[in-house]
Structures are given as structure tokens and as C-alpha cells.
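For reference, chains read A, B, C, D and E in written order, and residue numbers begin at 1 within each chain.
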Amino acid sequence: MSDTTLSHPPAAARTEARTVSFRGGGFAPERKRWVGGVVFVLLIAIAEWGTRAGWISALTLPKPSDVLQTLIDLHQSGLLYKHLSPSLSRLVVGAALGASFGIGVGVLIGLFSYVRAGLVPLVAAIFPIPKIALLPLFVIWFGIDEGSKYALIAFGTFTPTVVATYGAVDNVDRSLIRMGQSFGLSWLSIVRKIVLPGAMPGILSGLRISLAIAIILLVAAEMLGAEYGIGAYILEAGALYDLERLFAGVLILSVLGVVVSTVIGLVERHLLDWRS
Amino acid sequence: MDIRLENVSHSYDSFEVMRDISLEIPHGRIVCIVGPSGCGKSTLLRFIGGLERPKQGRVLQVGTPPADCLNPLTYIFQDFALLPWRSVAGNISLVLEDHGIKGAAAKEIIDDVLARTKLTDFAKALPKQLSGGMKQRVAIARALAVNPAVMLMDEPLSALDSQTRELLMDDLVSLWTRTPFTAVYVTHNLAEAVRLGHSIVVLSRRPGQIREIVHLDTPLAERQFGDPELDRQQRHLWQLMRDEARAADAELLDV
Amino acid sequence: ASNKKITVGALRFTSHSGSFVAYERDYFAQAGLDVEFKFFQAAQPMAVAIASGDVDYAVTAVSGGLISLAQKGAIKVIGGALSEEKGIDGQKILASDAAYQAGLTSPAGLDGKTFGISTAGSSFHYMGSKIAGAEGANVSFKPLQKVGAIIGALKSGQIDAWSIVPHIAKPLAGSGAVHIIGDVADYIPNYQVTTVFTSAKNAADERGMTEGFLNGYSKGVADYNAAMIAKSGGEDGVNQMVDLIHKYVYTDRPREKAAPSIINGTMRLNENAALNTASIQDQLSWFQSEGLVDADITLDTLVDASYVETIKA
Amino acid sequence: MSDTTLSHPPAAARTEARTVSFRGGGFAPERKRWVGGVVFVLLIAIAEWGTRAGWISALTLPKPSDVLQTLIDLHQSGLLYKHLSPSLSRLVVGAALGASFGIGVGVLIGLFSYVRAGLVPLVAAIFPIPKIALLPLFVIWFGIDEGSKYALIAFGTFTPTVVATYGAVDNVDRSLIRMGQSFGLSWLSIVRKIVLPGAMPGILSGLRISLAIAIILLVAAEMLGAEYGIGAYILEAGALYDLERLFAGVLILSVLGVVVSTVIGLVERHLLDWRS
Amino acid sequence: MDIRLENVSHSYDSFEVMRDISLEIPHGRIVCIVGPSGCGKSTLLRFIGGLERPKQGRVLQVGTPPADCLNPLTYIFQDFALLPWRSVAGNISLVLEDHGIKGAAAKEIIDDVLARTKLTDFAKALPKQLSGGMKQRVAIARALAVNPAVMLMDEPLSALDSQTRELLMDDLVSLWTRTPFTAVYVTHNLAEAVRLGHSIVVLSRRPGQIREIVHLDTPLAERQFGDPELDRQQRHLWQLMRDEARAADAELLDV
């Protein structure tokens, strides 16, 4: 083959056979798990090096190792749990209140045209209100104890849950509803057996966002006369410009966020395994 | 129980969909409705099933449905309309629950209809595990479970590939042969119409009007692929519809 | 056990020691009160908590918010807590290192400089404005919400000056990043920094309870002043007092590290909760002149002077 | 007909004809525009009545008419614009920075598996960090002038934009990409002509959320040394417990939110009119 | 230009999709590939077009494509694959732009292919305004614009209703009759296969293997509905595939 290359071309042109060139591939994300870990390790290593060597000033970033030490101290002194447990209970109660009201109202909006017309503009107007702006009012309305913290977190999770829920109800396949009607199912059966399960995926993915917001609001909520709590811990660290503790607190919240999102992922996989 | 349409006309706002349709659907027969896209076939079927009300005219049910009939007018949909979160058995039990049929009574019915549609082994499967043909079989089983007086089928096979379509037509024919049912069968597919219809109603383009009703006398079970009489009828139907189909296809949609 | 239950709001600052001492030494109980503390991170929510009825008594600086709540008929100032006094270590005026190197070595050089405050209408704002006024300087105020943010801004030279209590000022100056350039007391003589206040309802309808509280509180203040300023108990007295206060302040630091901070933070508290109404009037007038509160609020709206002795000069 | 009812039934049973009963309808939201307006008017009327009559205390809610008067004063004194214009410029610059970086990074994550593996966990970890917790740091990093305000808003809009964008890129119809490859289009052509326009709807709806967050963050951003600005105005009103001004400020933000969402709606209708 | 497949086998991980397929696609002819669901028809077509690489065996192009051919191997997809944000003309210009054909040169080509597919009036319409049949015509016009040496069609008609399918088959036949093209046509539909194929390759169930290759000699233009020879072939194909189609249909999918 190789020795006749030069004399071959004219003849080859007629019967030349070559494999078709490949032009597919790409545009499909592949999983590369370790890269994420490497990036984290690298960033932390750079921060450690920089703060030790001094080209990152102590004002800009704390030493990662000091942050770790702070976390270990927090754990060993038991303070971590003293801060974590009130925060978690605020998160759970507030988010549960906000999400359940939100789902309820969202379903009503999805089902009844009058409720929709009355409440959707209201929710749209409430959505962009920054909750911290209302802190002084919340104290008057709900007191300085757990009430106002629950209320703030509930309020913050309520609006996104409503929006996600009525969107999910709207997106329930109408042909399934028509099927229900064609078999003479009662209104309540259709709602219970078709609309609600059909809206589940949308509601759960809305919950993912609502709970992230709830975690963020924890800090705002604990501005209100909270002694213990991750938010209060962060605020205190901020007030003292104690970067180690600030970062330790932020890290805890960040982990909390990842945990919550993982839990929702598990719930989704369990409840929605009927999705293809 | 028969169905009678008397001078049914309808329009959405000022958009006229069908005009003056009168039709009789006799007991125990399959009536096919064919016509170009958008001529109002699905709308007509919704009128018959009571899911929508015509602007003018009446849809009557003549005579009473049998006593054991849970849902006299029962649909089979093009997109199957199975609840994806319920198993095959659960999808069938859905339509029984509202009639208070539960437990052993429900199980008996479910087992029976699954056996008739050869789905017994799939009772626990979720819809996502089934091929399109299997899903439509489940929908048929569900329809059989309520013992309908009239089956309303809106292009039940058009979401399936043509081989599966072939298989399901056989299944429908054998179901009908064993116990004849009344059906209105909407389709685009003339081969299906001549295979399954005792009479074939040809609608014109929108606004849909009845252009012709073709009656086929060959018994369903004896209709074979390549039967010259059926081929002749199918060619005749295609002659009737061809130009209108082309015109309907070339229409710009104003979405 | 038959004592009346009340809630007292407090910050974990040494300036709240009056209440801590009164509680620890049972002076409140002797006055027939069963006190429960409610701790806050900042003064502003404490004022609102009084208004909402969550807290009965508290100590805080006079601020625009406090005046506004008083105007709405929610709260009353009933006594004095902390005042500036010449000769006793009081609030310090600080300059950032950069500004100091550039010549801001005394408040006289404040013209054209930036001054950190938490919010408009805060006590920082009042102090800065008075100091600037006395020096005839034109300063611009930077609201930074939180003490932490102000410290960060001052350390990094993004604002030029600030004023703050000594136990925060001294360690900051010690690190070399900022410099003390003066005392607030030199500019605002007899400044009534913090006051005791309660809800208008308590002031009007619960005379007995309010008197009881002030009574207990005053005993606590007297003990504190005696031990920490007059040093009547000597070194031991100071140590005892530090031990007591350490239960409430700097609890997360060991005793030996907390002690210097507690001692550094010593300031005189008003004996018998006496209230300097002249200073209060001056503050009110300043808030009004800045347009931060309504011009028609009078001192009577803000203060119920019937409980304690008032200082009018 | 009516006089023979009693004797008729047996005969009728055989030939009785009755119209089929209707069982469709419902489950389709109808538009009822005026209801929304009525609800607003009613709520405001109740608040006005309550505050005037005194059964809503002045501590709980301001008189709506006073809030209106405050707004009119703000407008007449020109202060409104003095507050609005710095806020708007912070919003525009911050959101533009955050959104454009977010879209850029999101597209890179969508296109490159390594970038995805490295950055997705990072973004997930950053998402639940409450931005107000970082305020002290932002002062050091970006100064107390406009820099830190831009940075805070940009940071807040960045993460949700990234998540929305790479989701949108992932959702671009793979069959269109395969079509592009089958016609031998270059990688860049596929990205420019297929991936980006296809991701547009998802990016725009992500932007809707990001901008709502940007408005909310305005208040947090103006905690940092802002003299003028709607956020600073609200914070000052909160600190002074001046409810009329607090509500006036919140109302302005709320209107801002509605305006932004309307603008995005218009852009969507204009850019995405190819959607069916 | 011909296409030659030499012993092509493929598996996804341990999931065997096709086994040892060798096939010749001669110039100027339409080769239909039929087979039950999931037997690897689409995968095979992706191999031919270079969108995917087989694990074993080779796909060769024999001879060189004509000089004016912009994209020798050109697909027509089942789902049309039109960019919804581009007009009909814009969708066609898309595939020319990368070859530097713009302005008047592009307009000439676009006008020509639109005329050949009778779409001239729709040049400015957006895909959302078109019926399915029209969309597929646009996709055909786009394919013609690059002057392909071989057209690769993956069930191009199966997303259409049967009347439109009928119309488009006529269009394809008349396009081929005017200027014969080479094509690989994958379909489920035996009626389409006997209507359009010069030869029909029947694949077995997964792992797909060639069971039989049927050659039809009737010229395309003369193939009529009801032609007994074609009916016979179609019946023969259905005999071959029926059981496998049923088995493929009844398979549980593990999604």
C-alpha cells in the first residue's frame, strides 16, 4: 500500500474507500467527580499558603487552618450544638410553616380562578420586599422570642413556595385531568389523585429554593435578639471582625445548605421514581 | 345504547369549527370518523363524551346503558393518559375507586381486564417501563374495567409506530369479535378506518361537515391485508380527501 | 417565689453591669421583682422589644429610633445610666492610621474627613456631629450598620475617624492600626450616653414595679461604682466584681483574658439613676435640627421625670 | 309529556333519549383582572380604617394615607430621585456584572465537563451563604464606596444566574445540536447559533429570579456607607422606627420589582416570540 | 459515491446493540432499513453519518462525492430539527453560512430548494406556524441545499399523521424521479418501505443482525396503492417481523 502511494491517486480516485469522518461527540457533560474535590483542596491550599506567607493579609482572609481549629474548638466545647440546635429548630419550624402555608395557598391559586386573581398580584408585590427591612416591624408583630424568627423564615419561604406550587399545578398534564373527568371522577378525587401527585415534582424543586432562602434568612432572623444560633454567632463574629469565627459560621451554613439539598434530592428520588 | 347527534354546530369565538353534523351511532358497531387535520374530529368526540358542549344542536343517548356499566361513555386517548405514578393495576383501580369498588371486588375486575388484554404479567409495572403499545393496552384495559356502553377513541394508535399499530389493531379486532362493543373511532389513517370501521364518516375541511358515509360489510375478523374491496374503498376515501388534506397541511397556524 | 416576673433587656457590655449586679446580689428580689434577662445583639431591637411589650426595662443610648417610639406613645425614658464625666476614662475619638499619618492627630483636623457611624440618628452620629460642630469642621458621615463593619473600615483606612467606648478603643489603638486622638467628654460635657427606659404603659400604670426596678438597679450601680471606680473594696473588691460581671460579659473567654477588658471598660454609672435632662434635651434638639425626628416632640414626650432626680445643667 | 309520566316509564326505557351530561370544565384558570385590584383596594381600605379608628395601633402599621403623603413629599422635594438614582445605578451595574459573569460561567459549565466538575460544587457551596454575613469582609475587599455595593449585588445575582444558565444549556434540545453536527457546522457555530439561542428562554427566566434577588440585596448593599439610596432610606427609617417612611421605601422597592419583572416579560415576548 | 459497511458491531457498555452488519449502499438508490423497536436502526444510521463510532467494523465511503457537494452525508430527522427561532429561509441559510455562502449566492440556493419543495410562499414563516408536514418539507429543502451525496433519513415520516405521510411520500418519489439521489431510509412502516425502497434490509431484534434483504424492481414512480406484487412483499415482510415486533413491544424498559 505504502510503496504505490505516488502512482496510485488517479486510479484510487475512482474506487477510493475511506472511513467516514467522525463529527459527533461533545456537548454531553461527562462526570468527573474528583475535579470538584481538587478545586476545593487547591483553593484552600492557596489560601493557607497566602495567609502564612503573608501575601494575603490577615484582614482579607483568615487562615484555613485557624478556621478548622475554630470549628474543632466549637465542637469540643459543645458550643457548636448550643448554636446549631436553636438554629435548626428555627429553620425547621419556620420553613415548615412557610412551606405548608405556601403549598396550601399555591394549590388554591392553582385550582380557583378567583383566588388566583386575588392573590397572585399580592404575592408578586410581596416577593421583592427585602425581609431585613421589615425586621423592626416583625418584633412588634411577633415579639422578640422565637415567634418573630419563625415568622421571618416562614415569610421568606412562603412566597417562593407559592409561586413554585401554583406553577406546578398549572403544569399538571391537562390530558390526565380530562381523563379523570371522562371517567366521571369526582372533583376531589381529581385533585387528590391527579393534580397533587402531578404537581409534586414542581413543588419539590420549589422547596429546594425555598429552603436555601430559609437558611439565608436564618442570619437575618437571628439579628432579632437571639443569643444562640449560627446566625447570631456569625453576626457576633462580624461585629467583632473575628474572621476565623465568621468563616467557621459561614462554613456551617454552607454545609447545612448542601445537606438540605441532598435530603431533598433523596426525597425526590424516593417519591418521584416514577419519572422517566 | 345508541348515540344520536342532531344538527351539531360549533365555533370558538368567531372561529367556526363544525357545521350541522347529524349522525347516528348504532349499538354494537364501530363508527370511524376521518377527515383532514383541524376539521373538528376531536372536538366532536368531546361533545359525544360530554367533556364539552356544542354551541348548537344536541348530543343524545338513546336508551339506557346496561346496569353493570360504571361509565357509559369511556375514552381511550391518543397519549394514553396513564398516571405515571401509579402501576398498571393502580391505573385501573383509579377508575373503580370512585364507584366504591375496592379490595377483592376491584382485584377481580382488574385481573379480568388484564387477562383480556394479555397484561397479567405487567400488573405491577410502572408506565415508564412500558413501550407505547403496552401503555395503550393498559388504557384499553382501564376502559374495559368500567364496562362502557360506548368507547370513544381519539386516534388511539397514532402515537405508536406502525408495527405496534398493526399488532394493536389485531388485538382490537379480537376484543370486538369476542364481545362486540359500540365505538366511535377517530383517525387520520384510512387503513385503520377500513380495517376497523363498520361505517366510515368522512368530514370535510374546517368547518367540518359530513361529506360522505361509507358502509363496509365485510366482517371485521375477515378483513385481510390486500383485500381488493377494502383497497378499493381505501383508495376511494383517499381520492375524497387528498386535496383537502394537502390544503389543510399547507395552512399557516396563527400561534 | 411570689415575686412579680419582669423581663430586663441587656447587652453583654460592662455598661449594663448595674443590672447584673442587682440581679446577682438579689437587689431586684428584695424589691419584689423576679427578673429574667433577655440578651440582645444591638440596642435598636431592644427599644422595639420594649415597645412590643416583650421586655419591661432596658438600658440603651438615646437614638432617633428611641425618640420615634416615644412619639408613638410606646416608651419613656425614666432614668440615667451612663454619663461622660471629665476625668474618668470615657469614649475615645479614633483616627485611622492612614489619616493619622496624614496629619489627623487631633479632632481639630477633622475638616473634610469621613466619620463612621452605624446608622443615621445613632449616638455615633450625634457624637460625630457635635465634635465636628465644636471644631467647625465639615465631616461626612458613613453609615456602616455594624460596629464590626466600622472597625474594618477604620483599620483599612476607608474612613478617617470614629468614636467608641474605651474598652474597644484601647485594644484597637494598641494594635497600631488606629490612634486615639481625643476624648468625647471634652466636646460633650456631661453627655448622658445611656438611659434607663421602659414602656409608656409601665411608666404610667405600673408605678410600684417601676420604682422597684429603679431601686434595685440603683443599688447595683452603687456597688459597681464603689468597687470599680472608688475601689472601696481594694483589689479584692475589683476581682469580686470582675468575677460577677464575667458571668455575663466575655463569657467565651477565660477569666484571665476577660478581666483586662472588663476593667478597661469601666465607666461611671449614674448614682440613683439620676438623669441629665439637659443633655437629653440637647440630644433631642440635635435630632430635630437634623430632621431625623419630628420637630414638635418635646422633652416630656420622651422623658418621664417623675422617678429619679434630674440634673438640669 | 307531563300528563303521561306515570304510565310512560316502561315504554320510555326502550327508546328514551336524553342529552349526554356535561362533565368537563374547570381546572383551567380564567382571567379575572379586576379581582386583583379589588383585593389591594380592600386591604388598603381596612388598614386606613383600622389605623384611623385606632384598633390597629400606630406601632403596628402606618396610615396608608400618611405613606402616600410621604411618597408625595419625597417626590415634591426631589429626594425621591436623589435616593432612586444611586440605587438604580447600583442595581444596574451590580446586576449587569453579576448576570454577565454568571451567564459566562454558566455557559462554560454547560459546555465543558471539566469546568462543570470543578465549579458546580463550588457554586453549590456558595449559594446558601447569606450575603449580609459577609458585609464586614466586603468592606475590606471592595471598600465602602460604590465598589462594595456593586460587588455585593453582583455576588448575589451571580450564583442564581450560573445555576439557571447551565441548566438552560443542558436543556437545549440535543437533537438540534446533533443536526448542527450532521451538517458539519463548526463548534463555534453550534454554540453561537444553536446552544446560545436555545438556552435563551432558560437564561431569561433565571434572570427574573436573579434581578428579584438583586433588588432584595439593595438594602443589604446600602448598609455599607450609603448616604442616599432606597435601601439606605429604608434602613434609616427602620432605625428611627419611622413606619411611614419604612413603608414608603418598601413600596418603592416593590414597584421596582414589578417594573423589572414587566420589562423582562416584554423582552421575553420580543426575543422569544418564536416559542409556540 | 457509495457507502459500504464492513462487519459493524456495537455495544453500549455490556449492552449489545448490533452484531456483524455488512451492507452496501449503491449510488442512486434508496435502501430502506426496517426492524423492530430498539434493534439499532438509528444507531446504525448514526454510524453511517459519522455521528457515532462503532466498536467494531468500519463504515467506508467509496469514491469521492461530487465537487459541488457541501455535506456529503446529510440527515433528515424524525423530529425535523428546525431551529424554532429562525424562519424557513433562515433554517436553510444556517447550513450554508459555515461554507461561506451568503447574500445573493445563498438566496439563489434557498429559492431553488424552496421551489423544489413547493415552499416558496413560506420562506418567512417561523416553524411554529407550520404543520408537521410543512416542517418536514423544510427539513428536506435544507438537506437538498447542501447537495448531499447520500441522504440519511431516520423515520422521516413517523411524526406525521397518515394523510400527510401519504402526501410526503408522493413528494419524495417525485423528487427522486426528477433527480435520483442515494438514500438510507430507516422506518418502522412496511408500507413506506415497499413504496420507497429499491432494497429493503430487514433487521432482527436486538442485537440487530441482517435477516434478509428484499429487492424490489418496480420503478418508484409506478408503485401504486394495491399493487399485488408490493402487497405480497409487504405481507412477506410482516410475516418475517411480526413475532419479533410483538416481543420487542412487550419488553420491560429499565429506565
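Observations
The rule we apply is simple: contacts are C-beta pairs under 8 Å (C-beta built on N, C-alpha and C of every residue); 3 or more make two chains touch, one makes a residue touch a chain.
Please read all numbers here as calculations on a predicted model, not as lab measurements.
Among the remaining chains, those touching subunit B and also subunit D are A, E.
Contact counts per chain pair peak at A-D. Of all the chains, the one whose CA centre sits at the greatest distance from that of subunit B is C. The greatest centre-to-centre gap from subunit E, using C-alpha centroids, is found for C.
Subunit A and subunit C have Cα centroids lying 41 Å from one another. Spacing of subunit A relative to subunit D, judged by their CA centroids, is 16 angstrom.
Rounded to whole angstrom, the centroid-to-centroid distance between subunit A and subunit B, based on C-alpha atoms, equals 46 Å. Among the residues of subunit E, those in touch with two or more other chains are 49, 51, 73, 128, 255. Residues of subunit A in contact with at least two other chains: 23-24, 59, 135-136, 140-141, 178, 181-182, 184, 235, 238, 241, 276. Touching of two or more other chains is recorded for residues 44, 48, 51-52, 65, 146, 148-149, 152, 156 of subunit C.
Contact between chains, using the touch rule, shows up for A-B, A-C, A-D, A-E, B-D, B-E, C-D, D-E.
Residue ranges of subunit A in contact with subunit D, taken from their complex: 23-24, 26-36, 38-40, 43, 59-60, 110-111, 113-114, 116-122, 124-137, 140-141, 170, 174, 177-178, 181-182, 184, 187, 190, 195, 212, 215-220, 231, 234-235, 238, 241, 243, 246, 249-250, 253-254, 256-258, 260-261.
By the touch rule above, subunit E contacts subunit B in their complex via residues 36-37, 122, 125, 128-131, 133-134, 158, 161-164, 166-167, 187-192, 225-226, 228, 231-232, 234-235, 238, 241-242, 245-246, 248-255. Contacts from subunit A toward subunit B in the complex involve residues 175-176, 178-179, 181-186, 189, 193-194, 197-198, 200, 272, 274-276. Across the complex, subunit B meets subunit A through its residues 49, 51, 70-71, 73-75, 77, 79, 81, 83-86, 94-95, 97-98, 126-128, 146, 152. Subunit E meets subunit A in the complex at residues 3-4, 46, 48-53, 58-64, 73, 255.
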